[in-house]
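Take this structure, written in structure tokens, and hold onto it; I'll ask about it next.
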Amino acid sequence: MLINCAAYQEGHKLSDIPKEDISEYLKRPGCFVWVALKDPSSAELDEMREEFSLHELAVDDARSGHQRPKIEEYGDSLFAVLKAVEPHEDELRLGEVDIFVGSNYILSVRKQSEKGFADVRSRSENEPHLLQYGAAYVFYALIDKVVDRYFPVLDGLETELEAIEEQIFVKNQARSNIEALYELKSKLMVLKHAVDPLMEAVGKLYGGRVPQICAGMGEYFRDVYDHLQRLHATIEGIREMLATAIQVNLGMISLNETEVTKKLAAWAAIIAVPTMIAGVYGMNFKHMPELEWEWGYPLAMLAMIGIDVWLYSWFKRIRWL
Amino acid sequence: MLINCAAYQEGHKLSDIPKEDISEYLKRPGCFVWVALKDPSSAELDEMREEFSLHELAVDDARSGHQRPKIEEYGDSLFAVLKAVEPHEDELRLGEVDIFVGSNYILSVRKQSEKGFADVRSRSENEPHLLQYGAAYVFYALIDKVVDRYFPVLDGLETELEAIEEQIFVKNQARSNIEALYELKSKLMVLKHAVDPLMEAVGKLYGGRVPQICAGMGEYFRDVYDHLQRLHATIEGIREMLATAIQVNLGMISLNETEVTKKLAAWAAIIAVPTMIAGVYGMNFKHMPELEWEWGYPLAMLAMIGIDVWLYSWFKRIRWL
Amino acid sequence: MLINCAAYQEGHKLSDIPKEDISEYLKRPGCFVWVALKDPSSAELDEMREEFSLHELAVDDARSGHQRPKIEEYGDSLFAVLKAVEPHEDELRLGEVDIFVGSNYILSVRKQSEKGFADVRSRSENEPHLLQYGAAYVFYALIDKVVDRYFPVLDGLETELEAIEEQIFVKNQARSNIEALYELKSKLMVLKHAVDPLMEAVGKLYGGRVPQICAGMGEYFRDVYDHLQRLHATIEGIREMLATAIQVNLGMISLNETEVTKKLAAWAAIIAVPTMIAGVYGMNFKHMPELEWEWGYPLAMLAMIGIDVWLYSWFKRIRWL
Amino acid sequence: MLINCAAYQEGHKLSDIPKEDISEYLKRPGCFVWVALKDPSSAELDEMREEFSLHELAVDDARSGHQRPKIEEYGDSLFAVLKAVEPHEDELRLGEVDIFVGSNYILSVRKQSEKGFADVRSRSENEPHLLQYGAAYVFYALIDKVVDRYFPVLDGLETELEAIEEQIFVKNQARSNIEALYELKSKLMVLKHAVDPLMEAVGKLYGGRVPQICAGMGEYFRDVYDHLQRLHATIEGIREMLATAIQVNLGMISLNETEVTKKLAAWAAIIAVPTMIAGVYGMNFKHMPELEWEWGYPLAMLAMIGIDVWLYSWFKRIRWL
Amino acid sequence: MLINCAAYQEGHKLSDIPKEDISEYLKRPGCFVWVALKDPSSAELDEMREEFSLHELAVDDARSGHQRPKIEEYGDSLFAVLKAVEPHEDELRLGEVDIFVGSNYILSVRKQSEKGFADVRSRSENEPHLLQYGAAYVFYALIDKVVDRYFPVLDGLETELEAIEEQIFVKNQARSNIEALYELKSKLMVLKHAVDPLMEAVGKLYGGRVPQICAGMGEYFRDVYDHLQRLHATIEGIREMLATAIQVNLGMISLNETEVTKKLAAWAAIIAVPTMIAGVYGMNFKHMPELEWEWGYPLAMLAMIGIDVWLYSWFKRIRWL
């Protein structure tokens, strides 16, 4: 589905153009074309391939999807694959944003992703001094947008970790904690696989040898790289705390087991001792003087209760109860 | 066993040729020979060594098999070892594909592998514009095919992991889960040992200094490399989730132990308390007024049942039962 | 909030200057301006951006905060982000120190951090032979100060670890130990995220290609780098010991469980044996000669007590009690 | 002990020579001397040092032994340390092979190693076309031999791992499994310490800058390197499976514990319920109508047995028994 | 405290000299001064700084101590920090050796270290052919000495590990094993922090670009580097075995728990069954024919004993007892 198709010159929008005219505008000097597709059909991609003379392999990747994030050079054009990570109910939904960029065109292909880039377009159109950098600036703005959207997702995961941390030393929460930890780990891996390869790829867009198209934008791409590094470091931090939390949780489960065993032992003693005494006075020996005593029964009961009170307070003292 | 032996010129098949004529066709300019062997005898390999003047060490490797994936340069020819990974019943079967490639020949040797490359051959013959790149293109197409066949295998492992994840928090599944996790780990390692060294090797076929033979095919080999990186990243992801799942499974086992102990403790209490009371009224003291009461027995029974009902509901409340 | 704003020449302070005059002093040869802000408003930052013509992206980073430590070049000026780590009650509080430095100015922005840099300023003013290195020296002095403040924090964590190590083999401390270990790990991660990226960044300020502004100060920045490496090595050491301590703690919990089970078993035996004997003599067989004996009862009691004494001493000997 | 000392020229053996004549033969052009020592005395080493003018530090290393594998350049000669790993009863015995090689001599020193290199010598003498490469070829042949001998050792360890894997999910094997896993780990570490440093060292004998002496032998040393990489990869694979197996074993131990506890609980219930019922009818209340019934006793017994049969089948059903 | 102060020329000692004369001797061509300090006061260090014109930052490091091992260049002189590791009772004591070396002087500062370098001095003086390399040779000899002293310490740790390994599968040793493992880990970390940074530092003293002062000594420093690598590899090996041993120990603890539970269960059954039978014959039913039998009591006793004998032998057979 074609979302948008417009031509720009010297930082200003010329007009929306029909997609058939794209190749014409590409010939005009100082002019660039910006096209946005959403979940395009195979035919639409073929059309674009012809208009922009894109490389076969790049279009194949865009068509089949499920690529890992990357930025590839094809001659003097670039092909970028980014992952859109959007929280959806209790899961992270993974969309894809493919960007084809050349000296005078930019084509973004959004797949299985709710959030579009209308705001990138309108903000760019309001900043002609930046937009006149051309397609490279739009390329930067799109990547920056996708990366910026990772932050709230990661904040959500950090909040989840904190919620678990508050529960981790609470008794009888071990089961729900362990499930939450595993689920959090799964989500973290999704984000990690979106961030890490992209960081590596963006790192090649500034500094030493950069693709011709990105020349002069170094500080902008370094800024994106810096954001990705921040995401990466936070992800690694959460990952390490998660590993520790899982171990600690295991410890809490074992501690809990010990406490249950202690309780079992304490109550077993409290019940078993009177049972033993009762057993003794239930013996059928002819000569058992206590049985004849008038106060035998109350005394026996007193002994039982007394011992149990003492046992109970003792177990309380050593914290078995 | 000789599967196929044909000569090609300018992207088109000349004809199937007898293997004795190979060296003749090799002398024709612009012509290349494509030979496919399957589980060849030592003698067949020697024959090929002579026809193509292959390097002794490379032929030795192909003969003995069980090499790790690699791509080696011998002068201006290449020798590649790839692993064919094929699911077979509950296991992964490991075959080997060895490829010898020079400027005007390609020789593939398939061992212990069911799936052949007939489709690579027929597709190549239908695309003369690609086939005219010569042996290097066939080399690419074969590697690409082997690598593409890893994806369904890996998808199968991912599906297995998901199946385990669904079972991991279910009670009484710990034993089968742990077995499934270990088996999955074994299979993953098989795939990992097929993918990782190959990724490293293919990474040297594009970019900076590449073997003469692969010059001009950079974008194709980068595409294969990209697929291998995707496989690698997914394998690492599964591997990390597996490690976490094994730990979580251990936690579940411990949790289960605690629950069994709690049940044991609860039922022990429910049985022990009436036993104690019965013991008390089984004592043989002369003076035990309750024994004389008409309602003594029913009252004692009521007390026992009452206490047990209370215990039962209390254990239910604290979730020990 | 403006803390300080002064101009310096040839190692000596000229005077405090109003912030409106900054751009004037910047024009004087051999003169540099040193400004310190604390939790500045957005407006104050804009003012500074104009006076010093700072780069938009750098000012944006300083405004939004929560950056990871880094040192970035913008043309011939540098922008550094450092983390101030200050212990506060039982936690580590994380502030930020942003430094903009050019050939003739230095601007420090302190956020959410209690401790200022008045001592750096006064010490610098007392050492004209160093201060005449200009802004680069002040830049070094500020970084050095921030880094030096990490040492007491890290010493505190080492002391915490030692305190835990003393408790780790003490019985019944497992729960508090595990909590302490997790908390320590959290704090360690905070410090690690302050130290590691900074180490990487400072490493680029000496040796091969360094920013123009730091030329000639190599030995000073290497000294800072060396301190950061020492912090890093100590953090890694604590981290590894922590991981081991968590595992050892888990072992202690399991050991404790075993000991509780042994105690339970021993006492169960001591109670169950007399109960069994009493049960035997509570049987109602007509012909039980022992029941008739005059010494039957005392003998039975003696047997019970004797067996229990023997059991008790035996359990003591095998250390179950 | 001198095993062998011979001079070679143009790929053919001239004759065995007395060690005093070594220095003479070294002067002949196109001639090289091959000496083999076994567990030499310090004096023998000194003698060799003089004949071949070896470097002091290298001879010191050969004398003291217990070096890690390495290949060092001393001027235009090489000094190599390799580990001979030989299975002996249930252990791996570690010998050492030191090789001094120059342009016209090769000296091998074998220590605490059973297996000699007579087959290397005889095979070399039968392949004059290879032997005429001179000392470098013998150097390659010796290293290749030592490395080839690692394979059966590693195969043995793989077989051990498979044997453990077959036992790992079998009940009541946990103790022997854990011992076997630890022992296997120890052996694996021995092999790893023999292989890894050598791989690193051999990697420097082909490709870019190589020692003068190895020039032209690149493909042979790459072949050795490739074998070492294969060993390395297999060792890492076993190591990772071992780590997983140890964790899985821990899980099996815990599972077993749970099963024992379940059995304990089930039998406790089966014994405790009749005991409780018997207790009730052992009470001494005057008015207990059941006691008077003619069928009271058989009915009570029936109740006990009936409940137990039901309990038993129920525990069977929930797999506690 | 000044230990020694002497001047050397052409490999021979000129004489002990008073420290005030140092700067004079430094001016003599071909002469170098060797000074050894032990736990020097701040004043002594200042004195040396002046005599040798040492760099402020280096002297600061030597003064404050607690540096990590490193070798730093200050102009054409070097400053090295090494750790002296000395076993003391059950701990490892950490001293420091700081070395300042220039083309014509060497100054060693020993702190909190028992063992001096008198043997290095006397051996050097006996080897004029080596000593005439000048200060660089002494520098090598001191580092070599410090490194050589790590070997017996590491051997001690290996012996400790072996002692633990012998105990690890012995029952009831888990607690002492776990304590020993943790203590060994602590010591290992101390040694690791002494070895690893030094290895890195020494690695820069040979090969490519080396400090002017070490030129021509490459083979000696490579020898030290090789020793450090050997130490490093052994430390890593112990570290990995330690990690495995801790896990195995955890398994042994759990196994032990299972065995205790089995014992508990077996004895519980042996006691509970007779108790149940006794309970049955303790019931007060009017009509219990067995009670009337003359052989009722002995038969009941026989049944009890018989069942117990059978249970006992059965539990023995399944190894619960």
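Read from first to last, the chains carry the letters A, B, C, D and E; within each, the first residue is number 1.
Methods note: a contact is a pair of C-beta atoms (placed from the backbone, for glycine too) under 8 Å apart; a residue touches a chain by one contact, two chains touch by 3 or more.
Since we're looking at a predicted model, the values are computed, not measured.
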item: Mutual neighbours - chains that touch chain C and chain D alike; value: E
item: Inter-chain centre distance, chain A versus chain E - centres from mean C-alpha coordinates, in Å; value: 40
item: Intercentroid distance (Cα basis), chain E paired with chain D, Å; value: 25
item: Multi-partner residues of chain E (at least 2 other chains); value: 247, 250, 254, 257, 261, 264, 268, 272, 275, 279, 282-284, 288
item: Cyclic chain order - from chain D, heading first toward chain E; value: D, E, C, A, B
item: Complex interface listing, chain E residues touching chain D; value: 165, 168-169, 219-220, 222-223, 226, 229-230, 233, 237, 240-241, 244-245, 247-248, 250-252, 254-255, 257-258, 261-262, 264-265, 268-269, 272-273, 275-276, 279-280, 282-288, 319
item: Residues of chain B touching chain D in the complex; value: 55, 57, 67-68, 70, 72, 74, 172, 174-175, 178-179, 181-182, 185-186, 189, 193, 197, 243, 246-247, 249-250, 253-254, 256-257, 260-261, 263-264, 267-268, 271-272, 274-275, 278-279, 281-284, 288, 290-297, 300-301, 304
